[in-house]
Each structure stands twice: as C-alpha cells, then as structure tokens.
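Structure, as structure tokens:
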Amino acid sequence: MPAEAEWRQSVFSLAALRRFATYLALWLILIGFNIADLAIGVAAAAWATIVSILLLPVNDRQISPLALAKHCLRLPWQSLVAGADVARRALDPRLPVQPGFITHATGLADGPGRNAFRAIMSLQPGTLPVSVAKSGDMLIHCLDMSQPIAAQLVDEEALFLQLTKGGEKHPKRNG
Amino acid sequence: MIGSTTLYGLCATGLVAIGLYGLVLHPSPLRKVIAFNLLGSGTFILFGVAAQRGAAAGLLADPVPQAMVITGIVVAFAATAVAVALLLRLVESGGSTLEPSAPDPQDDRPS
Amino acid sequence: MSLLPDFALMLLILIAAVWTVSARDRRDSVIGFIVVGLLLSLAWIRLNSVDVALTEAAVGGGATGLLLLRACARLGPNETEGVSLKVSLRILTGVLCTVVAVALATIVLYPIEPAPTLAPTAAAHMGEIGLGNPVTVVLLAYRAIDTLLEKVVLVLALIGVWALTPDPLWGGAPGSLRAQHSSGPLTFLAQVLPPVGIVIGVYLIWNGADRPGGTFQGGTVLAAMWLLVMMADLREPPEIRLHTLRRLVVLGPVVFLVAGFAGFWIANGFLSYPPDLAKPIIVLVEAALALSIAVILGMLVAGPAARAPR
Amino acid sequence: MSLMADTLTIAAVSAGLFFFLAGTVGLLRFPDTLTRLHALTKADNLGFGLIVLGLLPQSPDVASGLKLVVVWLLVQLAGASASQLIAQFASKGGPSA
C-alpha cells in the first residue's frame, strides 16, 4: 500500500527530526551557541539520533509534544509531594508506614511505553514498581496500604495514555 | 597550621598504608588487586598534592602531574583488567586453591 | 577558609578504604572501592584538578568498579576463609605499613621549598598551540610521547586479555554481559540514555581542548554507553576477530603515530606540530584516540572470548 | 535583586538539605529494603531538586541554568531506574515475584 508506506515514512522522518532536535538542543545547552562548535554538534546529534533509532525504533505511537510538556511540568510537583510524604513519615515518631504489595493490571504492552510508566510510578508518592508478570500484572510496593493507591494508579495510567495519540489508528506494532 | 593541601597529602598517606596492608595480608588474589588499586589511588593523590603546590603562571595547579595522573589512572585500569582476566582464567582452569571455582550458568562455553 | 569539609571528606575516604580492605565479602569490598573512587573524585576537585576528577569518576570508580563486580559474579558469591592469619604476621605488616605511612607523611608535612613546578613551561606551550586547557596541552603536545606510549599500553593490555582466550574459542565473542534477569528498567535506561551519553561524550572530547574534559573522559563515557547497551542485552558483544573492531582499536595510536612522524617534515621533529596547524592536528588525534579508548575500555571490561566464532 | 536571589538560594538549599536529612533518617528507621528505597528515591530526589532550584538564581547565564536542569533530569532518570532495579533484586527472596 503506497499510502501506508508514505504515511510511515512521514512518521519516521518526523520522529527522527524531533529526536535530532532534542539532542542538538542538549548540545547547545552544554556548550553554548557558537558557529565553530555547531558543526561538531550537528555531527554528534546525528550520531545520537542514529543510535537512538537503532535502540528504540520509531513506532506508530506518536507522543504529542503538548501532553509531554504538561507531563514534564507535573514532574517537579510530584517530586515535591512524594518527598514531603516520605519525609513526614520518616520524621514522625510513630513511623506511620504500612508497607505492602498491590498488583495493578496495566493495559500497557511490554516495551518502552510500559517502562516509561514504571519509571514515572517510581517517582510518585508511595509507589515503587517491583516487577511485571507476563500477564501484565504489575507488582507495586506501597509505603502506606491505607491510601487509595489502586485508584490513583488507574488515574495515572489514563493520564499517561494521553501522551500518545494515534496509537489506535495503526495498531500494527513495531518492536 | 595545616592547609587543605597537606590534609589531602595525609589522606593519600593513609590510603597508601591501608592499600599496602591489604595487598600484603589478603590471601585472595582479587582482594589483592583491589588493595593494589587503593595503594595506586593514594599515590595519585600525592601527585595531586604536588600539582596543587606547583600552582604558578596563572594556573590553579601544575598541569604536568595532572596529565601524568590521568595517564596513570587509565594504565592502572588496563593493568587491573589484565589481572582480573588472568585470575578468572586461572580459576576457570582449576589452577587456584584460593578462589572457589564457580561454573557460570549464563556463559555457554564448552568446557 | 574552613578546613571542615576537607577534613570530613578525608575521614570518609579513609573509612571507605578501611572498609574496602576489611570487608568479609568480596562484593562488599568492591562496593567500598567504588565509594572510595567517587569520594576521591571530590578530593580531586578540591585539589583544583577537574580533569583528573572526571577521569577518576569515570575510569577509577566507574569502569574499574564494573570490571571488579563482573569478576565477583564470575567467581561465585562467597569469599574463602584464610582471613585468620597469624597475629605476628599481622603485627609485622602493620608495622611495615606504619613505617611507610610515617615516611610519606614526613614528606607531605615538610615538603621541598619552593615547590617544584613545570606550570610556567606548560603555560608557555599553551600560547604557542592555542588551546585553553593546560592539561590537554601537556597530554597532547608538551608530553605527547607519554600519552602515545600509554595508548600502546592500552592496546597491549587488550592483546593480553584476548590472549587468555582458550584455543577453540579464538576469534569468538566475549561472554554476554547481560544481567541475569532481563528487566524493564534496565532496558529502558539502555534505550534512552545512550544517545544522551553520546552527545555528552562528544562534548567532553571537543570541549577538552579549552576546558576540563578530553579524550579519556569522553571516551570512557562512550564506552559506558556501549557497555550499558550490552548489559541490557540490546546488543551482543562483538566477535574479537572482526576487522572493523581491530581497526578501531589501533585507529587512535596509528593516527597519533602518523601525526608524530609527520612532524619530521612539517615541523622540527617527532611529535612536534607546526604552530598554525597544531590545533586541527590535536583535535584530529583526540577524536581518533577517543574512539579507540571507547572500544578498548569496552572490550577490556567484556574480557576474553568465551564463545566459539560463528 | 541579588539579595532576593541569595535569599531564595539559601532557603531552597536549606530545604534541600532538610530533605536529604529526612531521607537518611528514613533509611535508618524504615523496616525493610523496599521501604528504605522509598525514603532514598523520593526524599533525596526532592532534596536534590531543591538544591538545583536554589542554585538556579546563582548561575551566570541561562545556559548554566539549563545545564543544571539537564543534570536534574538525568538524576531523576538514574534514580527511577536504579530504585526499580534494586527493588527487583531485593524482592527476589521476598513474597511473590
């Protein structure tokens, strides 16, 4: 199907371009803007992009930049809530922790998406993903079992899914 | 009055002594390699002290000992890699009595 | 300026060193050694040697630590007995070490005045060559012969490690670096981090001409990224008979040697550069060296071949 | 202007140190490895973030500030990965897996 191939091609080049821009931005942050350095920076960013595509192939799920930005802005806030929560428990003389495990049936397929979700969960207040079973049941260690963590996880996953758009249109997987 | 440079010099002295002690007394070859690396680190810090004392001509520290230490760290790593490879080969061929030989399940080598 | 932070750092280093030597378990000892390496890189910053701090953190703590941890895994979990040595021997060794320590401490406490220094000579070379980082100038111009020989030592070390390959396996790939259980977080890290590491590694190499950084530090970062990818099992270690691999290993020393011999007819002798071409030549040599260092460090950690060539 | 920046720096870095302290207290007081990991990753992450925040007003230009933010992001990634790997390792002997 030529239309399909063309669509894939455009997705691929868009994703590659976006990664290239990210790595070039990193270079500019590191060294500052300078024409002489820029040539090396472009080469480094191109090398990084090639490696990135080899390790993490572009797939049909595109990340919407707006949602990503929104998510990134939540990161410091979550860090604050999570840190304050742990600090409060650690310094409280009664040590109010009720550690335990819960399982969360995730709808995310095995791959970078699920791993990214795990990484985010490990930075969230009170949760620490331990392992994922073949069935997709995520074993999560919780600091305080009396909190409504299961519901919180479902909300988080829904929020995480907003990051990707167009995933349903082409369910053909790619790695 | 002891300055911070002297303090690091004394720290290096301690590292050399601790490393030497481990090198002489530890029966296990791997522990000897680790102790030898500690001894080496102490020697490098002594170079750092020399570099710091040699600050001149607008440089914060004499670059010559610094360059020698950078070279030294890399060579120490290379020597450690060879020592470890020798040790593993020795153990795997059953030549040593000190390190228990443990067959590695994840390596599909024919033995 | 208060000495308190320095004193605290010194104390921590010595405690970690004692732990490294006295730990019962082999793995604990290695972890102690890694901690010493990281603390030492802080000490190097306090000694105004940022280039060395970067090298110590990357090579001293990082690469050596990984190498030793792998060795621990291969040797099995338990340390053998034999720690119980004769008390007399312990005391004798203790006395020996104390004597060495006292001798060194005397030198440290009563140093030669004025302090010997080569800084003015190195600074004079900086002006000639047009680089801003004095350590890079020493490594690649003023004392380039040392650096060249050190690269040869690295190649020899790799040949030494490869030479330990059992005959039937010669030319094959080193044993897998894969962690025992494949795991999502490690895979994710190995997919996301390497491109970032490449940009940072190239930055360290390129920036090393004028500011702290350089071929060793950048090369080690590149090697670390490669090792991470192999540990997450996204790529297998390459077979050591591959020509590309071997060419990459000798690329740095060869380019360095060619540049060195070229000095006979474009400048006034071995390893001397004409002033206006010095910077481009050094940058070219640095790039080649960094690639070789990355490959050599990676292959040194991976070890001799453990599988027959396919 | 400089006074305000300095005040922010002192406040944020002190708060950061407080959270490092809290994380260490948690490390010592919490009952098992997995719980201690919570203390380390979350409290220390926040402590580090606050120190980065406190240093931002002191950076001489925008690029240095952005460098600090990049360092913060990398530490977040490292913390998230390392804590999960240790958790996975620690729970091998524990309940289910």
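Order of writing sets the chain letters: A, B, C and D. Residues in each chain are counted from 1.
By our rule, contacts are C-beta pairs under 8 Å (C-beta built on N, C-alpha and C of every residue); 3 or more make two chains touch, one makes a residue touch a chain.
A quick note: this is a predicted structure, and the numbers were derived from the prediction, not measured.
Colleague: Which chain pair is joined by more contacting C-beta pairs, B-C or C-D?
Modeller: B-C
Colleague: Between subunit B and subunit D, what is the separation of their C-alpha centroids in Å?
Modeller: 31
Colleague: Centroid of subunit C to centroid of subunit D, CA atoms only: how many Å?
Modeller: 28
Colleague: If you average the CA atoms of subunit B and of subunit C, how far apart do the two points sit, in angstrom?
Modeller: Here subunit B and subunit C have centroids separated by 11 Å.
Colleague: Please compute the C-alpha centroid of subunit A, do the same for subunit D, then give the distance between them in whole Å.
Modeller: Roughly 19 Å separates the two chain centres.
Colleague: Send over the residues of subunit C in touch with two or more other chains.
Modeller: 183-185, 188, 192, 196
Colleague: Residues of subunit B that contact two or more other chains, please.
Modeller: Nothing qualifies.
Colleague: At least two partner chains per residue is the criterion; list those residues in subunit A.
Modeller: Where subunit A meets two or more other chains at a single residue, that happens at 26, 30, 118-119, 131.
Colleague: Which chains are in touch, pair by pair?
Modeller: A-C, A-D, B-C, C-D
Colleague: So in the complex, which bits of subunit C are touching subunit D?
Modeller: Where subunit C meets subunit D, its residues are 181, 183-186, 188-189, 192-193, 196.
Colleague: Which subunit A residues qualify as touching subunit C in the complex?
Modeller: Per the stated touch rule, the residues are 19, 23, 26-27, 30-31, 37, 40, 43-45, 47-49, 51-52, 55-56, 110, 112, 114-116, 118-119, 131-132.
Colleague: Would you tell me which residues of subunit C are touching subunit A in their complex?
Modeller: 183-185, 187-188, 190-192, 194-196, 198-200, 202-203, 206-207, 229, 234
Colleague: Subunit C touches which residues of subunit B in the complex?
Modeller: Touching subunit C from subunit B are residues 2-22, 24-28, 30-31, 33-35, 37-38, 41, 44-46, 48-64, 66-71, 73-82, 84-89, 91, 98-102, 104, 106-110.
Colleague: Enumerate the contact residues on subunit D facing subunit C in the complex.
Modeller: These residues of subunit D touch subunit C: 74, 77-78, 80-81, 84-85, 88.
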